[in-house]
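Look for chain A in each of the two complexes below; its partner is chain B in the first and chain C in the second.
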Partner chain A sequence: MRYTFIPELFRQLFSKPFTNLFPLKYAPASIKDTLDKIKKGEIEINPPVEIPDKEIFRGKIQYDREKCIGCGLCIKVCPAKAIELKKEEKKIRIYVGRCIFCGQCVDACPKGALSQGEEFLLADADKLNKEWVIE
Partner chain B sequence: MRYEIPIGPIHPALKEPILLQLSVEGEEIKEVDVIASQNHRGIEWIGMNRNNPIQSLYIAERVCGICNISHPSALVLAVEEAMDLEVPERAQYIRVIQCELERIHSHLLWAGVAAHEIGFDSLLHYTWKVREKVMDILELVNGNRVTKAIMMYGGVRRDIKKEHIPKIRKMLQYYKEGFDKLAKFFLEDKTIEMRTRNVGILTKEDALKLAAVGPTTRASGVKKDVRQDQAYFAYPDFDVKAITPDMLTGKVVGDTYDRIVVRLLEVKQSVEIIERALDEMPGGEITSQPKIAKLLVDLKRADGEGIGRHEAPRGEVIHYVNLKSGFEPFYSWKIRAPTYNNIMSWIPMLKGCQIADVPIVAASIDPCISCTNRAIRIANGRKEMLSKEDLHRLSVEKTKKLMRGG
Partner chain C sequence: MELGMKCFKRALWIYHMNTGSCNGCDIEIIAALTPRYDVERFGIRLVGTPRHADVIALTGPVTSDMVDKVKRVYEQTPDPKVVLVVGSCGISGGVFHESYHLEGPIDKIIPDGTFVYVPGCPPRPEAIIQGVIKAWEILEEVRGNGRTTQKTEGEKD
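Our next item is the complex of A and B:
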């Protein structure tokens, strides 16, 4: 009988957890109450994991309106068709709800008007909410 | 008395929605039939109608979530051949590093799944803990954990930064030190040997006849590897040799155990390739056409056809592309994924196995996991649903039974 994994199993009983911690140790009975309590500062949650390299990280898209010349190159390369041209203003509108975070528009922009931020916890039920439509 | 057992079309041990029709006598599987074409995603249609080639690169990435470097790799090879695009040497090295990082994470993921399928969940969690190191590096180098978005026609999109190299080396060191431990857990443990030795045998003749690819065929002793046979990117510099199980165990059986051996050895091989690539990586540009607008025009003007072959973690993936000048999307685009070849090897593998072996044998060719899992058992006109849990339970029970007996 050889069960080579058993010593490792016992070792794991006493080692520290390896994974990233959840915001809370146990699932709360009511999420809404818990969120309210977090707002008031009654409960502390484990912070999200740190981003390893902020320069390279591909998070929520950032748009610099002043630099944009409305050339439409980002619209041409966007695989998810998440960008729309506002013809009269010669500016763009980005729908983050459709974005797939590939960053191709950032590479394509000739003026450097687009960049990718650090924000990545973006879940929402309404995909046309204010924060998801960048103009 | 024979019973017909269909598994699929939707089943997590199967990569695509596919139907396995088993006919069983008692517990033994006598006949197997594989019925494909249960689903059509229209990815090639999008590439030929809606998208320009740059957009298609990202849809190619989404053909398979695990192989999201392999499909773009084959596609860029095909397009670069079609339009005679030069690729700088540094970009070729970065591509090799990315491909090998993907192989490490894919094989470790598979090893964990294989352990899970036989009911060895503690090993699953251990393997995925080990895999987390390479995922951290992927996030560091690519900016995202899973989809890398790094391939571009004529090069790559991001360089490997100098300050990242020590971290990558640290990860490689971790795998080098951890390899023996992992090999001990997988190859010397009695539980795994009981469930995988002489289970799901694919003979060398069958592997050649069915044109199986990747670790599935190499485990049967066929020395077939695109990196060796038709080296691309910077692979000619590394002199990759196809790995067969006799390198470690001294014999080729072609069973599930051998497929574990091949995949574990390939993790080791990938670590060595990355290490050498980091040492020998030349300087210079990372793309021959940094201007996307110019690249789009070139792609539109290009005329010609090309084939890209790449050794994905699961085997050889082929992309065929035809470009016509003046026509912006691909004029034609055809993808052949490795599982397409490997799926037929289920027939000789499953014959003579038990129903409880189906999860591990089906998983042994490394198809991806999807969501719902069920099989319907029709016995004497009664219908019984065999859910994913039931199959898993059967598998776990068999492990327990063997352990009591042995």
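Our next item is the complex of A and C:
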């Protein structure tokens, strides 16, 4: 009775650690050197935890400019008011820094111009950079 | 002093402060510290006082009660420092953007800070780790201790 933990102990000793080693196993001596090496392809980064379900995952908004008719329904439903209407062009502009990735605009759009991608590694030092303003 | 700098430049200590957030982003910061992501393997850890920190992780849109506290924490952190803004509400107000008692977003309270923004409501732990790496890169740039190509890997200069 007392030694019932032994099988479990062995199982855990030889099983793979649960830790996801994103982006590297240990901290490098220099981040900048490492980033250069990653760019050149000398080091590979460990991928993040896999997205559970690609169908329903809510990543960064993708905007199909051609399909949009400028009806403004997405602006009405957006709880964070992250979308702006460009009146003269009848197109919209989405600010990722304000967006909360709720997906309401995707559901509301009558033309299917909006969708949500799988991109979620979005950290940046500039909050109006090109990646964050979707036009 | 010299030895001290060498020992500590590779470990990044973070002070985390909630400026009125819904707690979602705080939980994701904790998730990044759990064994699943385990950022402590990089020497990244949360510290209890801003005086020990290299990076301040701020969540939330800064309510009017928190304005002076945010300023105080920012001033207490030794230079060079980076402010890591976790979550959309800290970046721009997010869902709270029109609330009556908001003074934020954070870069309005600390106009001269260096920021790294992590969007999401809340962002995934990997995105927060990526933001910390961006902050680390900025700190290396400022401290001028980035490049080690001339030195050996073990740093015995």
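We take it that the second predicted complex is superposed on the first by the 120 of 135 C-alpha atoms of A that agree within 3 Å, B and C clash if a C-alpha of one lies under 4 Å from a C-alpha of the other, contacts with A are read in each partner's own complex, and residues count from 1 in each chain.
Assume a contact is a pair of C-beta atoms (placed from the backbone, for glycine too) under 8 Å apart; a residue touches a chain by one contact, two chains touch by 3 or more.
Small disclaimer: the values here were computed from a predicted structure and weren't measured.
Q: I'd like to know which partner A:122 touches here: chain B for first, chain C for second, both or neither.
A: A:122: touches chain C, not chain B.
Q: What is the contact status of A:76 with respect to chain B (first) and chain C (second): first, second, both, or neither?
A: Touch partner of A:76: chain B, not chain C.
Q: Looking at the overlay, what does A:13 touch: chain B (first), chain C (second), both, or neither?
A: neither
Q: Which partner chains sit in contact with A:100 here, chain B, chain C, both or neither? Use first/second/both/neither.
A: both
Q: Taking the stated contact definition, name every residue in chain A that is touched by chain B in one complex and by chain C in the other, in rising order.
A: Touching chain B in the first complex and chain C in the second, residues 18-19, 79-80, 100-102 of chain A appear in both lists.
Q: If we count contacts the way the header does, which residues on chain C are in touch with chain A in the complex?
A: 10-11, 35-38, 41-43, 88, 91-95, 97-98, 107, 114-121, 123-124, 126-131, 133-134, 136-138, 140-141, 146-149, 153, 155
Q: Which residues of chain B touch chain A once you look at their complex with the stated criterion?
A: 51-52, 54-59, 61, 120, 122-123, 126, 129, 132, 136, 139-144, 147, 149, 157-158, 161, 164, 181, 184-185, 188-191, 292-293, 296, 406
Q: Please output the residues of chain A touching chain B within their complex, sorted ascending.
A: Residues 1-5, 8-9, 12, 18-19, 52-53, 56-58, 73, 76-80, 100-104, 107-108, 110, 116 of chain A touch chain B in their complex.
Q: For the complex, give me every residue of chain A touching chain C.
A: It comes out as residues 18-20, 22-23, 25-27, 29-33, 35, 48-49, 79-81, 95-102, 120-127, 132.
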